[in-house]
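For reference, the structure is listed below as structure tokens.
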Amino acid sequence: MDWSSWWDTYSTLVLSIGVYGMLALSIYLTLSCGLLSLANAAFMGIGAYMSAIATLQFEWPFAFALFLGTVLPAAVAFLIGIPVLRLSGVYLAMATLGFGEVVRVVLLNLDITGGPLGLNGIPPLTTWWHVVLALALTVALLQALRRSRIGRAFEAIREDETAARLMGIATDRIKLLAFVLGAAIAGLAGGLNAHYTFTLSPGNFGFESAVDILTMAVLGGIQGVAGPLLGGAILTLLPELLRGLQEFRMAANGLILIAVVLFMPQGLWDPARFRRWRRSRGTRAEA
Amino acid sequence: MFAQQIVNAISLGSVYALFALGFTLVFGILGVINLSHGGIFMVGAYAALLLLTRFEIPFWAALPLAMLAAGLLGLAIDLLILKQLRKRGAPHLMPMIATIGAAILMTSLSQGLFGSETRRFPLDLFDQESFSWGPVTIPVLQAGITALSVLLMLLMVWVLKRTRIGQALRAVAESPKAASLLGIPVERLFHLTSFVAAALGGAAGILIGLSFDAISPFMGQPMLHKGIAAIILGGLGDVRGAVLGGLFLGAAEVFAVTVLSSEYRDALSFGLLFLVLLWRPQGLFGASATRSA
Amino acid sequence: MRTFLTSALLALSGFCCLSVASAGDIRIGLAEALTGPASQYGVPIRNGFLLAQEELNAKGGINGNRIVLVEEDERGKKEEAINVYKKLIYQDKVLMIFGPTLSNSMFAAGPIAEAAHVVAFGTSNTASGITDIGPYVFRSSPMEADVVPVTLKAAIKRLGLHKVGIIYGNDDAFTKSGYDVFRQALEAQHIRVVDTETYSKGDVDFKAQLTKLKAEAPDAIVCPCLAEEGANILIQARALGITVPFIGGNGFNTPKLLENAKTAAEGTIVGSPWFDGNPSPENQRFIAAYRKKFGSDPNQFSAQGYDALFIVAEALRKIHLTGQLAQDRQALRDALPAIQYAGATGRFAFRPAPLHNGKPGGYDADQTPFVYIVKNGKFALLK
Amino acid sequence: MLKLEGLSRQFGGVRALDDVTLTVHPEQVYGLIGPNGAGKTTVFNLVTGLFPPTGGLLEFDGRSLQGVPPHRIAQRGIARTFQNIRLFQEMTLIDNVIVGMHAHLPYHFWDLLLRTPAFREAERRARARALQLLHRVGLGTLCEELAGNLSYGNQRKLEIARALASRPRLLLLDEPVAGMNATEKNEIMALIRSLRQDRLTVFMIEHDMRFVMGLCDTVAVLNFGRIIAEGKPAEIQANPAVIEAYLGQEEPA
């Protein structure tokens, strides 16, 4: 099979891998400072609707539409983050889940979002290099954060929030930063997604997608940016790879989830495991 | 109309309450949000359907058998998944994801086995009578469900407050570590809790299947959402709170339909959940302790 | 990771051509939701197609060529619908595609077919705007806008309506478009809407909404709902003492409704191109064959799928297949609009969709719906 | 330097601290002793802003600490260690120490995004200083190890290094030698002496009498949330109220 027909067939899948990679990274960002937020699907939805309305109804340039789709969810995240981030653990997860449902119902009842019919005929503007560029920027941003005082603060907060505060870290602000940046990345991913799937409806951004995004990050592992990317890619490909199983396709999906949680708690991409391998190989080489 | 709406609120709320009862119990004792509770609820309904239609077992026997099946499923989830995670001291995120996996598995399997059509119990199983009292109509089955969920709640509260097992369970809820130091067989209580909670979830599925045309592989998901809202309104892990939370949620939804507009009903319930978490994370009815029974 | 990805992609690309095709096969894509909640519609549709395929091939196919349905599950998800469409078009190299099941999925996948100049043929998409996608998009499911006014007129004549209440699902494209159309038709007929209530997918208890409707004492209740919720709504309405008849949309048109709602469904008026009581020989033959093959009753979705394959078969008989895929696809597209057919769903023809922003659209179904009423637990024509 | 005046704190109905008044003077090593459950750690928690006092005054360098959030207090120059060690277990030693420097890394958000020279320089310096601090507590050779892999004694040392990283003027040590062997105790003692030479003020809680008496300039005794004695080590040892408080109480160290 030659390249161009391969690309014709799988281009959307490849774009999805990139976009879901970004979504997994968006939740990785909050997870990396210990926040279990399930609001990212809602932020994706806000970004997707915002940018689709911008191109579809106002015919603004795509770049500007994507910009709006990044900024609006970040602004919403900023507003709800201030009260919500006082919660932690399961309570935060449930509150963000509730927020996501509220967003869904609002999308369902607004006129500008097209209600349950959603938005259709969104122009096909997303091309491969948009996704590559957005993904590269996201990865660069996260890597830059990681190897800086902010990244260390994320990690410190995840491990022991109280100790981190007593080390002079303004934990509230750092957590808000992670939450807002996560929302921005999810929004950008949503904007890209809207312009290669041509249609949006509120159901695309409900509980199920929130769980999907979380699952990608956990499956891949949250020890570095490679994990969520890997998780996003696998969960995007898996339904395609498992087509042969027909009705039981999703059952395999469920089993894989359970197996990873049970047998690979750090996710597939686990630098500590790799380090152990390298070390054992290193000692062998020395001997 | 107002009186009828109060009846409606109680009947809707008790459905939520019944589901929330087992859901909150698992959180209270195991400290785990078991997102497969919706799946167990669905399996309970299918188990009863299968027993009634395929094996033609009378209802009085099918109900406990189906509850047993759901309970065993809950026990299996505990032994195969939650126990492994407890042993490892995995963070709270892990059981949530694993139970999501279990829910997907259950939904997919039952879809493969039973198809995706919505089914219901044979209509002639119970008379669908309702009795009228002035302007108010009360379907008999609904009254039964309400009575049953209140009864089960009272039973659970009694067990937790008055019995030795209940005492032990409360100790476990407080701190599993301390409880095991006191010689309480913590693991066995975890198994027991998982079993009982799942049996309750299964019972909820059966009863809802009885009064509505609602048995499908996907029936668990919407109920799970309502259940989450109910147990948060009532205070996570609080058995009494779960039932009150369920009734409150039902009342809030009916109120939304009556006074506001039915379009924003779902936003109301989740908006409430959101606000309650911000202002009273211990729930509307609880005292200060969040994990007490 | 790189090696993993490579091998995954290799595995993917190896998925093509699992079924060995012989030279004379006509490969047609069938993208339906076979898993997930939408599969309760997708599976009956697929069954309708399988039955039609069997019957066509048993009679020697099209000029001696067998019809091969390449079946893919799109799970009712827009991304998967796109992926499946692309796979069918570019890899399986099908002549045309039936499906996807849901209107939303067609909004996502339709543009793919349009861009590739391949016919996308929906049999269950009723939302308005579907055929705006472009001239390669066809559907055999009549829009609610065609069915509802007819239904309503018949109902008014029969019941003498002055004021009605409405209840519908407001988080679903199907029920929402049904509602929109009903509201317009009610306005056009000068019928007062005394109360409008909504519910969400998965709800089982509708008593709060129904109690409110009852208080407004409407002459009838309009219910553009799916059968799942419809049966519960009917049962609960009767339990609350609502005795007025219900007027349903397309979603009510299934034997399941009668089976589940039993006596509560009495007097319900439904409009649709297909109903099981239609005595036409084509329909009765279809129902009998379906029961025999699948052991269950067909519904409107299966009938529409069944007929759709025969409609395409008519077109295929009219063209000469050259083996040049692009040319054949175009020839099929050009032959389809003129096809007329009488099948299980009655007389069928296509009607070009109106211009959309000055551009030509696809083709909608042009069918006269039946209006019928539930009488003694059965659908009967409303005269 | 640090002034507590009439400080009290209640938990529910229980008075954990009752009218505590004490002053830590600059460049002093101040010891706080008392039986288990006397409320010593509560004093530290109030000083570092983990929860507010229910009454009384709290001043550092003449400015009130009332209502100041913990990270601001840390930035004003108070650092602490914990009785039950609270290291970032899955971070390396050197990263643990650099986290302590959080507020002292003078670069902006865009610096780190663009990896400007200012950013690189600040990070390089932070590493160098962190390494220096690790050497100072005797952990220099383990700097890339994960904190969770350290022995108990070394974890306490790392906590001190991390606390020092924020360039505090007042160091709060909560039982710095608990669980340590004699050699390690001597090392810590030497470390604290050298810190004093660097003009750092130390306020510590400790059970080990030999350690307290050998290091502290002033010792206060807390019992049931009240200060029952304050003075030079020798005076404290002779104080009958103190002996009474410790009577029947096993020497925990």
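The chains carry the letters A, B, C and D, assigned in the order they are written, with residues numbered from 1 in each.
Criterion: a contact is a pair of C-beta atoms (placed from the backbone, for glycine too) under 8 Å apart; a residue touches a chain by one contact, two chains touch by 3 or more.
What you see is a predicted model; the values in this text were computed from it and never measured.
Averaging the CA coordinates per chain and comparing them to the mean over all protein CA atoms picks out A as nearest. Taking each chain's centre as the mean of its C-alpha atoms, chain A lies 31 Å from chain B. Centre-to-centre separation of chain A and chain D, using mean CA positions: 40 Å.
Chain centres here are Cα averages; for chain B and chain D they lie 48 Å apart.
Chain C and chain D have CA centres that are 72 Å apart.
Counting partner chains per residue, chain D shows two or more touched chains at no residue at all. Multi-chain contact residues of chain A, defined as those touching 2 or more other chains: 108-109, 247, 249-250.
Shown for chain B are the residues in touch with two or more other chains, namely 108, 111, 221, 263, 266.
If you draw each protein chain as a dot and join the dots that touch, the picture is not a line, a loop, a star, or fully joined; it has some other shape. Touching chain pairs in this entry, ordered by label, are A-B, A-C, A-D, B-C. Remark: chain B residues 1, 4-5, 8-9, 11-12, 15, 108, 111, 115-118, 120, 123, 128, 130, 132, 137, 139, 208, 212-214, 216, 218-219, 221-223, 253-254, 257-258, 261-263, 265-266 touch chain C in the complex.
Taken together, the chain C residues at the contact with chain B in this complex read 35-37, 39-40, 43, 170, 197-205, 207-209, 211-212, 214-215, 227-228, 231-232, 235-236, 239-241, 256, 260-262.
Interface residues of chain B facing chain A in the complex, by the touch rule stated above, are 27, 33, 81, 84-85, 88, 90, 92-94, 96-98, 100-109, 111-112, 221, 225, 228-229, 232, 236, 263-264, 266-267, 270-271, 273-274, 277-278, 281.
Across the interface of their complex, chain D is touched by residues 141, 144-145, 147-150, 152-153, 155-156, 159-160, 162-171 of chain A. On the chain A side of its complex with chain B, the touching residues are 31, 36, 83-84, 86-87, 89-91, 93-95, 97-99, 101-102, 105-106, 108-109, 207-208, 211, 214-215, 218, 247-251, 253-258, 261-262, 265.
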